[in-house]
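In the two assemblies presented below, chain A is common to both, partnered first by chain B and then by chain C.
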Partner chain A sequence: MSETVVEFDRLSRSFGAKRALNEVTLRVERGSVFGLVGENGAGKTTLIRHAIGLLKAKQGSVRVFQLDPVRHPKEVLGRIGYLSEDRDLPDWMTVAQLMRYNQAFYRGWDEAFAEQLREQFELDPKQQVKKLSRGQRARAGLLIALAHRPELLILDEPSSGLDPVVRRDILSAIIRTVADEGRTVLFSSHLLEEVERVADQVAMIHSGRVGLNGPLPEILQEHKRLVLRFGEPQLAEPNLPGAISCQGTGREWTVLCNGGVEELRVAASKCGAEIVDEGTPTLDEIFLARAGSQTDRQGAS
Partner chain B sequence: MNHVQTGGMQQARALAWEFWARGWRGQLLGLAGVIGFASLIYGVFSEISDLTFRGTETGRSLHFGFYSVTLFSLGASILAAWGVPRRRYTLPTSSLVIVASTMVCSMVSMFVLYALAATALNLIFDAGWPIWGPGLVAALLIAWLQTLFWSISNTRGSQLASVSSCVMILASWGVLLFGAIKFASLGGPTAVWFHEGVSASHLGMFSLASMGLVGVGTVGFASLRCGSGIEVHRIVDWACRLIPRTARATPFSYPTTAQFWMEWRERGYVMPVGTAVIGAAVLLITPFVARADSSEFFGAISAILFLPAIVIGLFLGARSPDGLFANFNGSRPLTDSQIANAVLKSATVGVFSSALVWAVLLGAVALILALFGRLPSLQDVSHQLELSRAPEVAYLGIRLLGLVALALGAIWGVVALMTSLVLAGKKVGGVVMCTLFGVWIGGGVGSELLLSPEAQDTFQRVFFFSFVALTLLGNAAGFAAAWRLKLISHKTLLMAVGIVAVMFAGAHLAFGLTSDPESYVPVLWGCLLAPSALAVAPLAVWWNRHR
Partner chain C sequence: MQIRISNSDGVPIYRQIVNQVKYLVAAGRLSSGDRLLPVRTLAEQLVVNPNTVSRAYRELESAGVITARQGSGAFVSDNGSPLALREKRKLLQQRVDMLLAEADSLGVDVTTVVKLLRDRSRKFNSE
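The block that comes next holds the complex of A and B.
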């Protein structure tokens, strides 16, 4: 049985009247690459800030390495590499000072690896952080998150500010390397292609709730995309049981469903439609369909 | 297609609307605050000592105090109404329209608000304070501030540096022009504009200065707008490159050492540097100090160290612009008490290094005064420092030593407490500071205004002892809570006891405390409160870091 590195148990959090997290239960296993996806304001960063102890669990609980990150910040944070969404770094430090300062906090700081990363990221050690471009700042943040070879790497929107080449070649490679070494990665992103490329596990958060959670291959396999052709043009969205989303106009409609393909096939034939194409949707399509259907449900309720 | 024609006047109106829409609440609040505060304080003064404001020296001094508070308060509200100048760079209009429209609004605002405040106080106290002269000077000052802020650079540091340099140059020029500074009464330039009315030539000077400021502001804004402005940080960078650096710095021995280094390099150094800057300004005016005022001057510059320290304390505790722990700071693998200790250590080094800088500067001031034959006698200095008896030289050293211990402890206590309260976040710090200040002022001033002289004495005695008891209880509760949360250890308690003992002994040496409770209770109270930051700081980090 694999070890749980991060555990959120029925975690809820409100900021004033806004419910940021609602009964979130998630487990991140050791050695996995766990992707948190959701639109802006869904609650991904709030969840991550709970994991590093910057937010106290008011309802429910959070455990990281079996410890409460609020009560044991030194023990927990010393084993974590963290890249924040806002790339918050001390502006006045030079890159070299930033590395030297961070080295003091982590026993596992690998000087040679840090230097290798600095060269790979093309960062000038004499450059001040405030003069770095947004992309360079993201790379500097990534450097200090990685150089002590943390047991758990937490990346909040790591792609933000990185150019496509760095994003595709470096970030993906880093995340896979960390996971291959048996370490754990928890990252949030709204770039679903990227999540699909590197994640083993995915949790989809929408308005503070976990909408979908599981191994990525299973999620992809469970969902089906069907293209239906109706005998007569449909003026309104056809009512098909089991469909998560239904999009199209006239005779041809694309339906996304989570299992229940047979049920949907029967329902379609009753409506006078035939399935002309069947395939596996991308994570992007699943996310859009689920986010849309949840918004509809919330609107209706 | 329907095109909307926009002329300069229309754009200026839009910019003026932006100024008022953003700032009217702050400006009204500032005005209400100034009138309320001044009425309260001056009300108490006139109750206590039956003051006459109109045409007296005291009235002029009180007007100067009111004028300073008005400038700060209304100036801050106008500064907030400007917003960020950078956002206006992309507006499809000329720099002249942008600068002039906002400057005119600021000047009108400043003049009208000052006029309203002064009129209100004139009505309440029959003060007869002038409107036109000070109002026009205030309008010019705000225009000058805008010119600096909008043309020098976009960073607060360089703006403050440029404002400070200008103030120093203006102060030196004023001293050279009007002679020695007399602290007992306001003389020199203030009398011209403030008390002798505004003539046509004054109005001409005002118009010329306003036009000059619009011109300079426009040129500066236009340069910044196209990326070729005066950037102070470039000069700083150039100076930094001149300083040789070691090729490779050694790693820190402990995480706490690294954290202290960061605290010091980020904020802590400001206190000694600020003291040095103020000290440089003091050195500039020292040769012009009149002999009669030199002992007062000594007393005044000794107190100056204390005042900026309080303000700097607010800065040392701030974690981010919104007062919360930012991601980088909050995610350091350190305990809450380790982070708090690093902040307190930085504040402590700041206070002690400032004291050292100040001691050097006092020595330099004494040397300059001696060179000009204006050095005050030891008796005068000891009288200014309110040491208990007219000292003989043999005892003066011991008494001064006691005073230094007490003063350093008190300054450290205030700075560390301010730092700790701000460390808890803007809301908590603000509420605690306003409550303490409000209760103190409310109890003291309220009784003066509402009670008969016989009842006042009893009430103030009860109020003072209740206030002392409550603050000490609060202090003890802070230590108990920090102990319970395992944020402090027995070492911290020992340190607290040490601070209290050193300060109390210092007070006894300096002032010779008697067994009368009125002699030692206030001192003991101050000494007991001084180490409160040792508990408040870790509690503040614990509260603010994990919200």
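The block that comes next holds the complex of A and C.
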């Protein structure tokens, strides 16, 4: 019964010699909160810019509401609320002018809701956009993104550089959007505890490629954090099959693995180690372990 | 119904909700027949995905802590008491563990600790 709202199909993109996206295939289903995570420069922003038609797909394809966002900008963009990391707003306008300007642009603009958000965010209508603080600027951008009650909310690193109060406004907006039947959120972030809180689907992007991709509860459940205790102090990182990362010193090492706990237990006992603690890692730990192993592999090759 | 979500302790969010609702029932801060906040309201209050709250409620339902009534929400079950007892024991057990660890480090044996508990309890009840 699910319906795909955003679809990237084997999307690749290069800027000069740099491969920014490499065969990215992802689907965002209606009603979900989809979190894109990855290091800076991993390709998240490039991917999002394709979804809103700022970049044209050269290899592979992009569909939003089953339409090509470059060929049908009016139909697509009118249904999207978008907030970028640099929160691009016309500096010379006042808050009131900014609201009127966007009201003219979006058919679904809800004037009462816009006013309610303006009050909630404590934005002075007479204030000039260029004089807004960083946090207030983000809130003004969020107001513009939300006030036409978009079917799809796209946020590119919305929390970056903001204080906890404004970050909470943004997260609340995500929850409120998705709690309304049938609306969808696609957002990128490197604050993984935020992603863990609000997302139900997560895709990790490393150097333009999709790594882990799936429902967040499954990703969390599949990974295990084990503490191994060796009979003898280990001078080098123990080589264990199935381990994504292995960190420690001496006798105790913490291993992160994706399933395969029994195999690891067997392998560990062969090296004279036993599992002394077992737990569920956070998304942050999973991400760090995976990002680390990726770098190692690239370094080795 | 006050629930706090912590990102730092490595416990999945839905499990934090489950544990805290169980705790609230055990502590008598939620009684049988009380209505839980609707999924949407709690999700907005905690700033977590509504599916996470739904999952916690499903788990609480299959554990018999709450009963979902079609169209009217989730309520604390009538038979909340046996579970509440279990939860109470679990809460006390943590304290007992700490007491035993401390007694051990002071070189006091279990028999002496038990005797001390009896003496204190007698004193408590006579006051």
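By definition in this document, the second predicted complex is superposed on the first by the 289 of 301 C-alpha atoms of A that agree within 3 Å, B and C clash if a C-alpha of one lies under 4 Å from a C-alpha of the other, contacts with A are read in each partner's own complex, and residues count from 1 in each chain.
FYI, a contact is a pair of C-beta atoms (placed from the backbone, for glycine too) under 8 Å apart; a residue touches a chain by one contact, two chains touch by 3 or more.
Predicted model only: the values in this text are computed from it and were never measured.
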*Classify the contacts of A:Leu54 with the two partner chains as first (chain B alone), second (chain C alone), both, or neither.*
first
*asked:* Contact-wise, after the overlay, does A:Val227 reach chain B, chain C, both or neither (first, second, both, neither)?
replied: neither
*In the superposed arrangement, which partner chain does A:Cys271 touch: chain B (first), chain C (second), both, or neither?*
neither
*Determine, under the contact definition given at the top, whether A:Val261 touches first (chain B), second (chain C), both, or neither.*
neither
*A:Val178 contacts which: chain B (first), chain C (second), both, neither?*
second
*Among the partners chain B and chain C, which is in contact with a greater number of residues of chain A?*
B
*Give one of first, second, both or neither to describe whether A:Leu67 is in contact with chain B, with chain C, with both, or with none.*
neither
*Would you sort A:Gly78 into first (chain B), second (chain C), both or neither based on which partner it touches?*
first
*Would you please give the residues of chain A that touch chain B in one complex and also touch chain C in the other complex?*
none
*Which residues of chain A touch chain C in the complex?*
33, 168, 171-172, 175-176, 178-179, 193, 196-200, 217, 220, 225, 279-282
_chain B - residues contacting chain A, complex_ = 249, 251-255, 257-258, 261-262, 265-266, 325-336, 338, 545-547
*Okay, in this complex, where on chain C does chain A touch?*
5, 7-8, 10-14, 40, 43-44, 47-52, 55
*Show which residues of chain A lie in contact with chain B when the two form their complex.*
49, 52-56, 70, 73-74, 76-78, 80, 82, 84-86, 88-90, 92-93, 96-97, 100-101, 103-106
